[in-house]
Structures are given as structure tokens and as C-alpha cells.
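Note that chain A is present in both complexes that follow, paired respectively with chain B and with chain C.
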Partner chain A sequence: MSSIYKKKKYVFLFLAPAFVFLILYLYYPFFVNIYGSFRQIKSLGTYGTKWNTPFFKNYLSLFTDPVIWTSLKNTLLMIVATILGQVGIALVLSLLVDNIERGTQFFRTVYFFPIVISATALGLLFNLIFLYDKGMLNQFLEVLGKTDLTDWKNEENAILTMMIPVVWQYVGFYFIILETGLNNISQELYESAAIDGASRLQRVFYISIPLLRNVLCTCVTLGVTGALKVFDLPWTMFPKGMPLKKTFLTGTYMYYQTMEAKNVDYGATIAVLIVVLGVLLSKITRTVFRESEDY
Partner chain B sequence: MKKNRIGQLAIYLILSLWALTTIYPFFWVLENSFKAKDKILQQSFALPIGDLFTLSNYKRAFERLDIGRAYINSIFISTCVTIGVMMLAGLAAFALVRFRFRLKKFCHTMVVAAMMFPVFATIIPVYTMETSWHITNTSNWGLNMLSVILPQVAGNLSFAIIVLMGYVQSLPLELEESAHLEGCSIPQIFFKIVVPLGKPSFVTVAIFSFLWSYNDLFTQMFFLRRPEMRAITRLLNELTSKEGTNYGLMASAVTLVILPVIIVYIFLQKYIIKGMTAGAVKG
Partner chain C sequence: MKMKKITAFLMTAVLTMGLAGCGGETAPAAATEQEPATEQTESSAEAESSAEAEPSGGSVELTVTTTFAGEDSNAQNYKDAVAAWESKTGNTVSDTSATSDETFKTRIITDFETGSEPDVLFFFNGADANDFVNAGKVVSIDDIRAEYPDFASNMNDELIAASPADGKKYAVPVNGYWEAMFVNTEVLDAAGVEMPGADYTWDQFLSDCQDIKDAGYAPIAAALGNIPHYWWEFAIFNQQTPDNHLDIPGSSDDATGKQWVAGLEDIRELYQRGYFPDNTLSATDDETFAMFTDGKAAFLLDGSWKVGGIVGSCQSDPDDPSTLDADKLSHFDVTYFSGKGNRKTTDLIGGLSMGYYITTKAWEDPDKREAAVSFVSHMTSDEVVPIFAQHTASALKNAPTVDESQFNALQIKAMDMMSGVTSLTGAVQDLFNGDCRVSTFDGMPDIVAGNVSAADAVQEGVDTYQDSLE
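And then the complex of A and B:
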């Protein structure tokens, strides 16, 4: 490396501001949060007056709290929906777009568009769409001849109603990533396969998808971490886990315990659980969908 | 050949159907924002012309909600976050790539690992810390804004550093060396060569920081609790709980919040798409 960059003074000067932020706002609070999960914190903004008895009381509660199990189950469902729904639909759409000549730019623009809209605004919008008496969907079904109204937010349908907008919003994101990946595949490969008599479908399954493997792995990893972070849309559409605390995700339940139930130390415990879950899941994804060097 | 044309038609049909799902809901909310509540519930597909047309939802939105102030708050917060992230990440990325020092590897790992921290795991202690500095729940506008800006800067920082490190690595070193020979100091090299040449990368960072901050609800729920401090997403969230059955008002509020974003998106879509997918796709 060049001889210019040796003055230690500048290393410190350039790095210090960013690292002060990282330490003060990420590393330090991360550990304080673990500490907090053992304390008794009655109100947000304090470190609590004493330890819990026993100090791991909150962790015991995790096992007996039925709502945490509901929210874990919903979060896992959300991850599956993300992988199958978002990445799956995006894959189909990108393979289709790869086969057309005109309008590619239009579809890129239109598909990506929901991502820039705040999930809170989308939550309000979907509240209007799924309204019982009568939102867009029920009015549309009525036009089609359905006579009774469907309650999209009842216990039976709530989870599905919550996941559809989340999946829908991010399809465009994975679409762009996969479409870029497809564009990187050399056209000559397809041409020579066509000469050898491979059908369009065969070209998709024997060229496109295998060559997209690494990009698909990236998408799945992003999907899993993304699904753990979902908060805005579910909280706007189903505040406080309505109906009957059936729609909580780990993130929304953490918020509920901290801000609504004023159970701050339990909220901190759920946050620890979210971290553990995130580390575990990304380990699993990395082993199952390991990026390959073969291609 | 004929079969092929049918295939093409089918492809366009499927692609257009998905496009319809992304466009139509926004069109639908726009047209319904001009209708009275009962009409939304009965004739939501009809165009708001003639008797159906009304501006009362918008009138009410401006009377009941302080949308103007929420906009100012939102734009102020997001602009500060964007500038903060660009400056801090630019400097750090430059130092991490160009300089050689003992803890370099460790510092790099710290940046990468910081991306793994979910906001849920840090928010409670951050709130406590900022409370001890007396910048949360205060009537001082500047301080209250600062209490949101700081954690959002930190949240975007590590990702921005990684994106900008990629850019600095691609810069030819010769350029900086010759500038050095001409007598440029290191800060001059940074501000006169690295920053101007890296405009596209800085734009990428700016876009995702801005949009992420503008759309974020979680942090705002913690820090912006006083009515006059609310930013856009916080205001919308409040609306669901307070005026949950006033559907016309909801439609107009959603339109007012979405419309500026749509307009900006139409003009800057290329940069926005690139900015939001940065890091996921290389090149």
C-alpha cells in the first residue's frame, strides 16, 4: 500500500465518529438489553431497581407464555411465506420478463414501486381493502356473485390477511435482484442450447435456474432476515395482536410487552430471543443454501 | 411461429396481472379519497365524478391532522439522518480501505457484525440512555428530533460503510498518489478526490438512508410521542387507532402521504431501485 496512508492521526480522526455511533447505539445497548432482561424494570427509561427473583424469571416465563409460542409460530410462517411467496413469485416473474423484448423497464418500475411506500401507509390502505362491511375485496366478491361477506380479519383468516400485503410489497425487490442475475447469464449459452434442441422450458430448468443458484441463495438469506424485522405493516393492520392475540409476530409482541403492557424487562427478554432466533436461522440458511463456487 | 406468439401473449398477460396488483390499489385509494364514506363502502369501483365527487375528506384531513407539520418533521429527520450517514460512513470507509493499522481487521469485523443487530435488541437501552440525556419526551423540538435522528444514523451506518468501502476499493490509487505529490493533504484528498468521484455511490447511500428513515415506524413509536413531534408514519399510525372508521379521511391521508413519494419515484426510479437493492447485487 502507498506510503501516503500512514499517519495514525487520520485513522483515528476518520474512524472515531462512526465507531462512537456503532458502540454507543448498537454494541453497548445490545449488552445492556441482556442485562435488562434480568432486571425488574417498571417503566421505560430506567434501568430498574432490583434483580428479578430468580434472576432468570423472564426466561422461565417464555416457556409458559402461550402468546410467545403463537408469535414464534407466526414468525416462522412469515419466513416460509417470504421464501415461497416473495422469492417464488419473483423468480417466476423474472423468468417471464427474461423472455420478452419490450416493456422490461416498465415492469421493473411498476413491480418495485410498493417498496418505496411506507409500510404504515400500506397498512391503512390494506385495512380499507380488507374491510368487512365492505372494503374493496368484499365488494369485488359481491360483483362476482358471492352473497355473504367474508371477515378477513377473524381468527381463521387473520394470519393470511396479514401476510399477503407483506409478501406482496417485497416481490419487486427480489424481482430486481433475480432479473439482474438473469441478465448476467450469457446469451450464447441459451443459443447453443437452442441449437442442440433444448425447449424453452428445458433452458429454464437446465440453464437459468442452476446459474441463478447463488443469487437465489442471497435472496433466501435476505428473506429470512427481512421476515424477522417485519413490524410496521402487521402493527398497523392488527394492533395488539388482534384478534385475541393471535397475530403477534416476535417483533410486534416485543413492542406490545414493552410499550402497551409496560412489561419492559419481559420486552427485553423477547428481544434477546429475537437475536437468538436470528443467529440460529441465518446459520441454518447458510448451511442449507450454501453458496457454491462451482459456477 | 404462431405458437410462439400465443406464448408471448400469455407471458404479457401474467406480467400485466401482477402489475395490476401493484398499481390498482393506489389508484383505488386515490379515487376513493374523493368520495364520501358511505359511497366508499358501496361504490368503491365507480369513478368519483358528478355527485360522487367531494373534497370534504381532504378538508377534514387538513383540519384534523397536522399533516404539514408531520411532513416538516419527517423531512427534517430524514435529511439529517442522510447527511449524518453519508459523512460518517464516507470517512470510515475511506480509512478502513486505505490506511494500514493494527486493529483494521477487528474494526472491519465490528462493522459487519453491527449489521446483525435487530433494532428490537437495542431500542430499550437506547431509550433509557437518551432519557438520561433528557432528549426524549421533551417539549424542545430540536432535542426530540435529535433523539430519533441519532439511533437512525447508527442503524444505517454499517450498511453504508460496506457499500462505500466497495467504492473506495475500486478507486485507482495512482490518482491519490499524484494528488499527494502535488501537495494535497489527506483531508484534501478525501474531500477533493474521493467524495466528488464517488457521487453515484454516495447517492445510493443517501437514497436508502432517506427512504428507510422516512418510512420507519418502530423508532418513531418510541421517541415521538408528543402530538406536535409526530412524523408522517407516526401520524398515520395514530390515525388508525383514533379515526379507524372514518374511511374517507383514511383514504385522503394515505393519498397525501403516498403522492409525493410516487412523484419522486417516477423521476428518480433508476437511482432508487439501485439504492434500495445495493449490497444485494454487486455491480
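And then the complex of A and C:
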């Protein structure tokens, strides 16, 4: 029995299945995808019939395609909305809940609940809320005296309409993480601060938030990388970048090019861009929001 | 030439049905037993087919995909016919039917590409099927008949369209279709506009749209950002005649290309005049359809399958025909799309554009082959097809005479309209497959908003088409 621990080869034996799985289903498809981005492919499941001319044509198209720039802009907006909206609101809510004596579990359940609902179902739900002809919001505004209908999905409002449900859905996720972080802070610190005369607000700013730094860094990193992958809810509410291709994110635009426009090789190119973007942003996030060993 | 022959057959079938209805002939026994289209659930459930293959033994699960879903007139008839087959054979159907749109077509093609195609599918018989036909992933009717000689023997082979990919016949048709303009007459009355007739012109249409708009209604119910198909088809048809409508342009500058560009520019003109709903670029088809049925829009350009959706909107329970509000239904009518140039107003788009395919995957599975043949035979039997065909044509050799008394008011109006049709031409978009349409379908919002010129969009589509031929 003890020899198992001494002989390192057994470690590799246990690591092998996961390694093989990743090679087969992540790294191999990833490199095939890079190869595909240079080919001319109209159907899924094939490598195409010929090379693009020039072979890097799709990468040049990234610079001239106005929709990819719209997608990148929207994705960056989504990242900002994630950091400020999801993590920011979650921080405020967790601090508030941390300061109440009773009902903590109730709020945890309530705020976390949207996470367990399918994003597609949420998309359909918000479609009804934002419906032009007498959706919930327009009916509400009508009661308040507004006479004309607002198109919440038009060019001007679409981005905001798309981000509200996405932010709303994931607030609970970060709320739970931050709440757990707050629970790990020793009560003795708060008690001594209170004895020293610190107000509740001062305790938040001088104890809670500084001690939450590492947890916040983790949340921001998760938020940034998560924002790059948001797909289902925006696609349900704004299929094909509706209206006027103004609501595409990098993920939805990649799907559109691959599955709807049948421009599979260009979709593969956008996928490469997403990976590069993901690696870069993760690196930047880790650098900016580096976890500290002081806390 | 082949297309013209099929069109002639269809016209004969449609006109015969229409005239039979108008003449008030007594229907033969098979037809008189039918309930009204929306009340045919019982009869379809009991439908039996003499032409079917023997039951396969009763433990097979077939995966089936059709377009009989959502607002389609035959959504309920389909469920009933499937239930009848399941009950009779003991087999089961795993159904993934969905509303027919570009996403549905893409899903089907992707399913074939990734090897997850259904066993049986009801799909378009035009260029949309080229990819999986070329890949040998569906079985031709001739190949099936080599094993099952009676397969689709009740169909008039002349009316079964051949695949443009290889000229073979794959899809067994059920019901024909037509595309025309539905009208909410309540809106017309409120705007002081007359019901359009067989001599309705484009200029009259523009004038009426302005009157309707001035009266505070949306003249046209259409979601250009979601389903621009029907406007695309008719706007182009309006620049042409039935003889040249199925031509594909070689470039946006040639004669056909210019006609396509002019058609798209007509749609842009309608948009810029404000004749579409305010949210036409951000709405779904369901939303604008609801505007039409709720009396907020006057005209709806759509297909024969929408009759059921309109009737359903007049029922307090869409699944219960006995809850039909006949008075509400009386406010709906259907007429020809306004004519322009050399296209007569009474020239319509229509035909038999879809049918049941059996996939190679099911055919090569010894457990599923017989069940698939049995299923398609049942769904295309002499008893089931008339229930689906209703007020449209079918490819049956022995189509029963239609009994007008069994139809609802809108179906009768549809039959009256069809009795005046001068030609029925297939949709050119069925030949201009998938990705070729992207620049003018998905690109329609940019075209009407002026972000992309119609000529550039047509040229992009033509380039993609030329690439697909290589």
C-alpha cells in the first residue's frame, strides 16, 4: 500500500484519463479549429475543399468586418456590466445581508435562485417583459401615463435590454461567493472595532472590503472570463444580432457565422479570436486584480 | 420545363378543388366523413391506410422532424396522425418538429452534417436539401420501391418534385401551399379602405397603406428582421412573370439581378414610408402576427399554413375548435398580392415544396427500415393526406372532392381566392439555397435601413451561389 505513495508513476496513472480527455476533446479540436480557419468550409464535420486565398484571408476579414467590431465593443461592455453590475451589486447585497441578524438564509436562496433557471427560459421570460406590444414593462409605463409604446429592443435600447437580464441572472452567484467570504472574517475584528468606536460603515470600508480583496479578485476574474462566454440568454432574446446586427457578442457572432450563415471557416477564425481575447483578458485581470498574501 | 408541367398539374388540382367547392357538389363518402379542418382530430386519429406497409412489430422508436408545429394549420392534425400510427403499430415517435424558418432549415442541415439526423423528416424538396441529398443521406423513392413496391403508389409521380441536386425523387409530398395576402377587414373598415380584389395594383396598395397608416394602424404586419421571406419572394415576383420567376441571376447587373434589386428596393420604399410596424426590425414573426390578429395591422403576406393560426387566434382555446368566435373570424379575409408590371395580381406563389424523406441511417437500420416506411406510408395515405391538404392541393391520384360545407369561413374564402388564380409558380428562394439567402434575408434590415445597397446584397448572395456550384 505504502509503495503506491512512493512510486510516482501511479500519480500519472490517475492523471492520465483527464489528460487524455482534454487532449481529445479540447486541445485536438482547438488545433483543428485553427487549421479550419485557413480552409474554405461550408459544412460542419469537414475540413473543406480548399485553402482560402490567401490562406489568412479570414484573419484579414476580422479587421474589415464591421460586425466583429460591434461584437467586440458589446463584449467589452458586457465585461464592464459584469464587473460593475454583477460583482458590484453582489458586493452591496452581501454586505447588507451580512449586517442583518435574521433571514440570511432566505436572502441567499432568493438571490441565488435565478442561477438555477435555464438561461433560455429566462430569455423567453424577459422577452415577455420587454415585449413591444403590451409587454409587462410597457403596460406598467402605460399605467403611469405613457401614451406611446417603447421598443426596448430597438437600436438605441437593445444593448441595455440585453444586459439587464444577464446581470440579474448572475448577481446571486457572486453574492454567494462574497457572502461566504464575509462569513470567514472573524467576528472578533468587528467587535474590537465596535469597541474602538467604529461605525458600521467604517467597519465595512476598513475591515470587510479589505479582507474580501482576494475573494473579489476571484469574482472579477470569473466575471471577465464568464462575460466572454455569455451566449444563450442574448441569443434567445436577440437572435442573429437583431436589430441590424447591433447586439452580437463575440460568442453569438461566432455561432451565427458557423451555424446560420454557414461560413464555418470564418466562425472558426472568430473562435480563435475569442480564445486569444480570453487568454489576454485573463492575464490582464490577474495582473490588475492580483491576489495578495497580506489578506 | 419540368417545373411548368408540375405547376400545370397543381393548377388543375387547385382549380378543381376550388370549383368543386364553389359548385357545392356533394362530396363522396370519404370526404363527407371529414370534420372541418380544425375539427378533424378524430378522423385523422382513425385514419387507416390501405397502401401502408405491414406493422413493424411494435417496439421501434422513430425520430421524426417536421414543420407541423407552432401556428401551422396542420400542427394538431400531425399530432393526431402520429398518435394514430403509434396506436396502430405500437411503435413510438420522438418528435422534434418546429416552425419552419431559416433556423429550422439550418438545424436540419447541421443535424445531417454531424450525423444526428432524424429517421424521417418532412422537409423542403428544393435546393435546401441539396447538401444531404448529395451526401447520400436520404433514400430515393425508387430505391424504397425496389424493396416496397407499394410505397407512395397512391401519389401521382408527375407531381413529386425531383431534387435539383441529382434529379431523383426523394420526398413524398403531403399538401400543397400557396402564398397570398391575408387581410384584417376590421382595420380596412376603420381606415375606409376597400377589400382588395383580383385587379389590385401596386399603386392602389401604396395608397391604401397610406390611408391605413393615417388612420393610426400598421398597414403591413411583417417582421423584416425575422421572417422577410414572403416579401422577398413577392417583391421580386412583382418585377417578373411566372415564366422567368425561377431564374437565378448571374450577377446583380444582369436582367434577373436588376429585377431582384428592384424588388428589394420596393421593400425598402415601404419601410421608409413607415408601412411596416415600428418594431419590424426587432420583432419576431409571432409578435407581428399577433398585431394582425389583434386588429392593429391590416395586411399579412404569408402562406396557406397560416389559415390555421388565424382561426386558432379566433378561438378562446386554440386547441378546441368548438370555442371558435365566428364573428371575429369573419373579419379576416385572404386575397391576391397587388400586381405590378407584367405580373398579374392573380399570379401566385405555390406548389408542393415539401415532403417526407427517409434517411439512409434509418433505411440501413434493420429495426427501423420497416417502421420508417410504415410511418411515411401512413402519413401520405389517401386518408391522411386530405386532412392535411384541406383547401390546398395534394399529389394524390385519387384526391377526394372537397366538401365546402365542412370548412370554416376563412378556408372558404381561401378556396374562392384560389379559384381565380391564373398561375401558381414555385418560390425561387427554394432554389437559391441556404447561405445564398443570408445577405438578403438576414441582411434585409440593413437593406431597408439603407446601410447596405440592395445591389450589393444581391451580388453577395449571387457570389455565394456561384461558389456553391463549383
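Keep this in mind: the second predicted complex is superposed on the first by the 276 of 295 C-alpha atoms of A that agree within 3 Å, B and C clash if a C-alpha of one lies under 4 Å from a C-alpha of the other, contacts with A are read in each partner's own complex, and residues count from 1 in each chain.
Rule of thumb we're sticking to: a contact is a pair of C-beta atoms (placed from the backbone, for glycine too) under 8 Å apart; a residue touches a chain by one contact, two chains touch by 3 or more.
Remember, it's a predicted structure, so these values are computed and weren't measured experimentally.
Overlap between chain B and chain C is detected when the two structures are superposed via chain A. Comparing chain B with chain C, the partner in contact with more residues of chain A is B. In the superposed model, A:P114 lies in contact with chain B only, and not with chain C.
Looking at the shared chain after the overlay, A:L44 reaches both chain B and chain C.
In the superposition on chain A, A:D151 makes contact with chain C only, while chain B stays out of contact range.
Of the two partner chains placed by superposition, only chain C is touched by A:E260; chain B is not. In the overlay built on the shared chain, the residue A:P239 is in contact with chain B and with chain C. Once the two complexes are laid over each other on the shared chain, residue contacts for A:D65 go to neither chain B nor chain C. Legend: residue contacts after superposition of the two complexes on their common chain; A:I176 is shown touching chain B, with no touch to chain C.
In the superposition on chain A, A:L131 makes contact with both chain B and chain C.
Residues 44-46, 131, 133, 239, 259 of chain A lie in contact with chain B in one complex and with chain C in the other. Across the complex, chain A is touched by residues 7-8, 11-12, 14-15, 18-19, 21-23, 25-26, 28-29, 32, 40-42, 44-45, 87-89, 91-92, 94-96, 98-101, 107, 110-111, 114, 116-129, 131, 136-137, 150-151, 153-155, 157-158, 161, 173, 176-177, 180, 186-187, 189-190, 211, 214-218, 221-222, 232-233, 236-237, 239-241, 247, 250-251, 253-254, 257-258, 261-262, 265, 269, 272-273, 276-277, 280-281 of chain B. Only residues 42-46, 131-133, 149, 151, 153-155, 158, 239-240, 242-245, 259-263 of chain A touch chain C when the two sit together in their complex. Considering their complex, residues 1-2, 4-8, 10-11, 13-15, 17-19, 21-22, 24-30, 32-33, 36, 41, 44-47, 89, 93, 96-97, 99-100, 103, 106-121, 123-129, 131, 133-136, 139-140, 143, 168, 171-173, 176-177, 180-181, 200, 215, 218-219, 222, 228-229, 231-232, 235-236, 239, 250-251, 254-255, 258-259, 264, 267-268, 270-272, 274-275, 278-279, 282 of chain A touch chain B.
Residues of chain C touching chain A in their complex: 102-103, 106, 109-110, 113-115, 131, 225-226, 278-279, 281-283, 287, 290-291, 294, 296, 434-435, 438, 442, 445-446, 449, 451, 468.
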